[in-house]
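Here it is: the structure, laid out below.
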Amino acid sequence: MPIITCRDVALQFTNDQTPVLDQIQLDIQEGEFVSILGKSGSGKTTLLQLLGGLLSPTKGVIKVLGRTLTSPFDEITYVFQKPILLEWRNVLENVLIPLELKRKPNQDDIDKAYQVLSAVGLKQHVTKYPHELSGGMMSRVTLARAFLMEPKILLMDEPFSALDAMTKEQLHLVLLKLTQQFSTTTVFITHDITEATYLSDRVVLLGGYPAHVKQEFPVTFSRPRSKKLTFDSRFIATTKQLYDLIEGLEDDEKD
Amino acid sequence: MMKRTNIYSILLFVGILAAWEIVVRVKEISKIILPAPSAIGANLFQHFQSGYFYPHILATSIEVFGGFFVGAIFGIGLGFLVAQSKTVREILQPYIIASQAMPKLALAPLLVLWFGFGYTPKIVIVALVCFFPLFESTVTGLSHVSREKLALFHSLRATRTQTLWKLRFPTAMPYIFSGLRVAVVLSVVGAVISEFIGANKGLGALIIASQGMMDTTLMFSVFILLTLKGIILYQLVNWIEALFLKI
Amino acid sequence: EEEVQEVVNEEESSQEEVTTEFELEKIRMASWSQPITEQANLYLAEERGWFEEAAIDFEFIPGAGGGDAVRNIIAGNADIAFANVEAVLLALEQGEDLRIIYNIYPENVFNLISLKESNITSVEDLRGQDVGIYSRSSGTYQNLLVLLHQAGMTEDDVNLIETGVLNFGPLMNKQVVATAATDTGLFDAQRNELGEVDVIEVKDVLNTPADVFVVTEKTFQERKEALVRFLQVYRDSVAYTMEHPEEAAEVAVGAAIDGQDVERNIEIITIRNNTSTNEEIAEKGLGWLNLDILQEVEQTYYDLGLLSERVHVETITTNELVEQLN
Amino acid sequence: MMKRTNIYSILLFVGILAAWEIVVRVKEISKIILPAPSAIGANLFQHFQSGYFYPHILATSIEVFGGFFVGAIFGIGLGFLVAQSKTVREILQPYIIASQAMPKLALAPLLVLWFGFGYTPKIVIVALVCFFPLFESTVTGLSHVSREKLALFHSLRATRTQTLWKLRFPTAMPYIFSGLRVAVVLSVVGAVISEFIGANKGLGALIIASQGMMDTTLMFSVFILLTLKGIILYQLVNWIEALFLKI
Amino acid sequence: MPIITCRDVALQFTNDQTPVLDQIQLDIQEGEFVSILGKSGSGKTTLLQLLGGLLSPTKGVIKVLGRTLTSPFDEITYVFQKPILLEWRNVLENVLIPLELKRKPNQDDIDKAYQVLSAVGLKQHVTKYPHELSGGMMSRVTLARAFLMEPKILLMDEPFSALDAMTKEQLHLVLLKLTQQFSTTTVFITHDITEATYLSDRVVLLGGYPAHVKQEFPVTFSRPRSKKLTFDSRFIATTKQLYDLIEGLEDDEKD
């Protein structure tokens, strides 16, 4: 049984606007890594927020772990597109927020937070406040915050878009390790086709007005995937294929 | 070294005092209508030396602190409650507006009647007067959290209480301090007005007494004491705010 | 209570024993004002321990006007009120059961002051002029109406101006030609270089007793004996203060909120000593109530429209307690 | 249909009135101390019918509107000036704090001396009373712009004035409205207290008169009028705010 | 003479922290398109803000158009890393802000704003308010705002990082056309190496602690560059070269 299912899901923000999403059908299996691609403004964030229980569908049903989703579940951790930090807390304190909401963090928690922060390359910056951080550093704080929770389901909205190639590669490894270790089900929005291919079991293409799942594209490279996979010709071919597919879909839509 | 603007400030002050003194002397304005600054200075000095002011300052301080404390607890507390629970908000809404709109100082004569004489009615009045700006600023502050942060806390399944303490409260802090500044100054006014109604002691009682004696000079001295008191309390709030921001 | 009375009489001089061995009976006096020098005899009595000697635990409840004093006894915040007659009449009109038991100041203290240069010599001269009063709830208003009434005028014939308590300011500023005030108010204004003035005294028209002691009917019935002891101390202290104004003036420095200046205290106390007695009182004894004058006051206020119905002040005024004093 | 909370609100109101009426009747509380709601209602009705209230309501309204208007212009205006110019801010700082800390209502008797009788001193007091919360909230609001937006405007070489109008002012709006809510309620208090000191018309004068006449019932009626006045003004501010937010 | 020169520029945010930038030497010629690459948190934004006059160097001198820079110049338009919009203004009104600060916008200005908004793909969304926009749409509003000003010098901080591949390509064309037309000098921060190669005349690599210019990498493809250039083998080779260069530099720095 899939861990996440969407049936005929539609979402309309205001009655006077056309729906943003309509007729969304989506099944995601436990432990699966699904990337969502789509043009800017197509409705990716909206879909992810629906999956996270942050928005409620206007039509249709979303089930997570067999239960109908009405508000966020404990098993789900959501990484927002724009890094959201509390200005009055430093990096470490920001990372500890979700834990604090569950229980008083103990020394172990703090040690683990340091580890995660170090994994995202912020070891030197734990005591900085948000206004002292660069854009990419802010994103990485929110990533550390998510990783620390070792979630069952991880929803990430363009988490690496503010990062340079090197840092991004490092974090790919961190993410893959984590999802492997906890067999985390991951839904991942990105604009980076190579990244989507490298990380995913399946790529979902969103498009149309209102947006729906235009195409699903399975990626079958075996796991664990090494960094070298990206230089593999099969990998490059797959990426190209995906790229062409997207371009084709886009051309259809031209007005 | 002193800042240039500080020097201007002081010069302005000296200039105002000098102009005042000259006008009073040249126009021979009666001291009942406008005493000269020199006379006020002398009066202040004399009464401080004789210890005349101290019990009055003490009495007003007790009322101000007591009332401010009670008013702050209720104002901020009820602000939290109302920000927290939609039901409470909707039920109490008309009462809160009414209680805010009511000219509480005009209630003073009745409160004195109901609560008897002594500190109680004065503390009640000061508390009532402080309540409103604190309540208002607490509610405003607590509801000015960005959608994004609320979404984050929603996604983290924070309870209402957790959102209140870990998100809304820190956001509301500058608003609450702004309310405290208003309240602390109003609390002095409240104490004085309540002492007008009937008090043996206190700076407000002294104003009434000075009026009875036609001693406008003394009245000005008391104003100056009250203003100083207000400034000290105001700066105290600023200082506590700075302290909080540092933590 | 009778026991207490006896003991007090026996051990009049050794107050310490009384206070340690016997319960003091609380008497809270609601005043129309703060503790001011005018009432210096009271502070003298406190200071000398005369209240304790009479087994009384005295407390001064301040107020802002005679109305406050009367309301405070009705509300139970005080036992006895030191209030002007007008306040009592108005409370009676509202249906309260009160008793006037002692005449504090048999003389009317109100007057009308004008600068000499304005040349106001009779009430008639006020016609069409600006005249100052404290406020419409003050004795200055009521007594000015009495003056106008006697001259066949009403408040519509003059331009009444509420000046607040600093009423001599507008007079000196020439914002009004005349102002209604009390004798002590006039004295203070003159200390502050008011200059030459003409004074029209209201007592020449209607000698309303300025202030009386008043209690609720319930207190009167239940605590007569304690009231007598209180009145005795009060009367004795007035008599003593008349003899030794400078002693009271000294005590007022510490006890009265406006008592900083001893010289002024003596003057104020002297003025109040004078209003505490007159020829008739000298004969009948301090505190004696003249029912005829009170009836005349009621009649006048009824005629003026200040009272909308008769309250029969003579029926609630009693010299019963005064007669028990020695 | 009515909302459930509205029904609770009304029930609460009815409950309070009933309890009050019963207590007064059972305990035979003197009407000088606490008149029964029924008596107050009758009194209100009677005086409205006779037209007794109208000139007083009018007088207080003139003072409230006049003073509020003046106070708002000065409070918001000076708030802008201070937020705008660092020099002005530093020079005026101690004076502003002092003027805020001064218990202006206690100044009432002197203002009458200086400004004569009539509306002027009352409008001055109301203006003084309104000034402070408006100034405070204007300054707080104008200085709570995010760094980012300031950086944007800096990069666009916006002048100080442009930043003020196009950035700081819109950001300050909710703060200013919060200040207006406080000020509008305080303005009623200010008018009443200034009428306490000396006035022949106005609801405050009526309170004094009712006190003089020992007519507590009338006093309560006037309180109710004042409270209604406050509520109307308060809601007017809310309504204007809603209007502004819509634009 | 270069239009922008940095000599010995250093920047230190607080006295107790080590400087973020030190010994920055940089010359940018008129009409040149320079990209800045560097790890997240290396100091790219800091450098760009220095060039924009938003920060003042702790040491050294920056000259723009021959004048020492102390605060923003009129000729410079700056696009922030994080889209900064005024929530109380809709898309069109946000785009018109810079103009409004100069003069009252007339009908021509508004028409032009519509054109620019249409070029960034927001034609359908001009009356939306910021909270109704997707992340990429917000970035595009700030791009439209910058383009409308037809600036002499354009400083852009990761302007396209929130955009999908297709939209990004479209906007590359818009940007190239604009910079060509007004011979705009452009300094461009990006994490996308392909993008940097495609757009730039020169790529500047920032790195080290404190950061300085590690390497400058000229890109000599002739202009105008067509979309097809990216499939050219020379282009791919150059990109790979740049990638290797960066990786090499990074490895040096490993701690």
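Note that the chains are named A, B, C, D and E in the order they appear, and that numbering of residues resets to 1 at the start of each chain.
Here, a residue touches a chain if its C-beta (ideal position, glycine included) is under 8 Å from a C-beta of that chain, and two chains touch if they have at least 3 such contacts.
In UniProt terms, the chains line up like this: A, E = Nitrate/sulfonate/bicarbonate ABC transporter ATP-binding protein; B, D = Hydroxymethylpyrimidine ABC transporter.
For clarity, every value in this text was computed on a predicted model and none was experimentally measured.
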Report task. Just grab the chain with the largest centre-to-centre distance to chain E, centres being mean Cα coordinates. Result -> C
Requested in this report: Please state which pair of chains has more C-beta contact pairs than any other pair.
Outcome: B-D
Report task. Measure off the straight-line distance from the CA centroid of chain A to the CA centroid of chain C, and report it in whole Å. Result -> 85
Query raised in the report: Cα centroid separation between chain B and chain C, in whole Å?
Result: 36
Report summary line: Here the gap between chain B and chain E, centre to centre from mean Cα coordinates and rounded to Å, is 52
Query raised in the report: So what's the Cα centroid distance for chain B and chain D, whole Å?
Result: 16
Requested in this report: Indicate the residues of chain E shared as contacts by at least two other chains.
Outcome: 82
Query - For chain B, residues contacting two or more additional chains - result: 33, 109, 113-114, 196, 211, 216
Query raised in the report: Which chain C residues touch at least two other chains?
Result: 71, 75, 164-166, 169, 173
Query raised in the report: Hey, which chains are touching each other here?
Result: A-B, A-E, B-C, B-D, C-D, D-E
Query raised in the report: So in the complex, which bits of chain D are touching chain B?
Result: 3, 5-6, 8-9, 12-13, 33-34, 87, 90-95, 97-98, 100-107, 109-110, 113-114, 132-133, 136-137, 140, 144, 174-175, 178, 181-182, 185, 188-189, 192-193, 196, 204, 207, 211, 216, 219, 223, 226-231, 233-235
Report task. Mind listing the chain D positions that touch chain C in their complex? Result -> 30-33, 108-110, 112-113, 116-117, 196-200, 205, 208-209, 211-215
Report task. Sort out for me which residues of chain C touch chain B in the complex. Result -> 33-36, 60-64, 68, 71-72, 75, 77-78, 164-166, 168-169, 172-173, 185, 188-189, 191-193, 257-258, 260, 264
Query raised in the report: For chain C, which residues count as touching chain D in their complex?
Result: 65, 67, 70-71, 74-75, 87, 90-91, 93-96, 134-138, 141, 160-166, 169-170, 173, 175
**Report entry** chain A residues within the chain E interface of the complex
**Finding:** 13, 37-41, 44-45, 81-82, 121, 125, 132-137, 139-140, 157-158, 161-168, 191, 193, 243, 246-247, 250
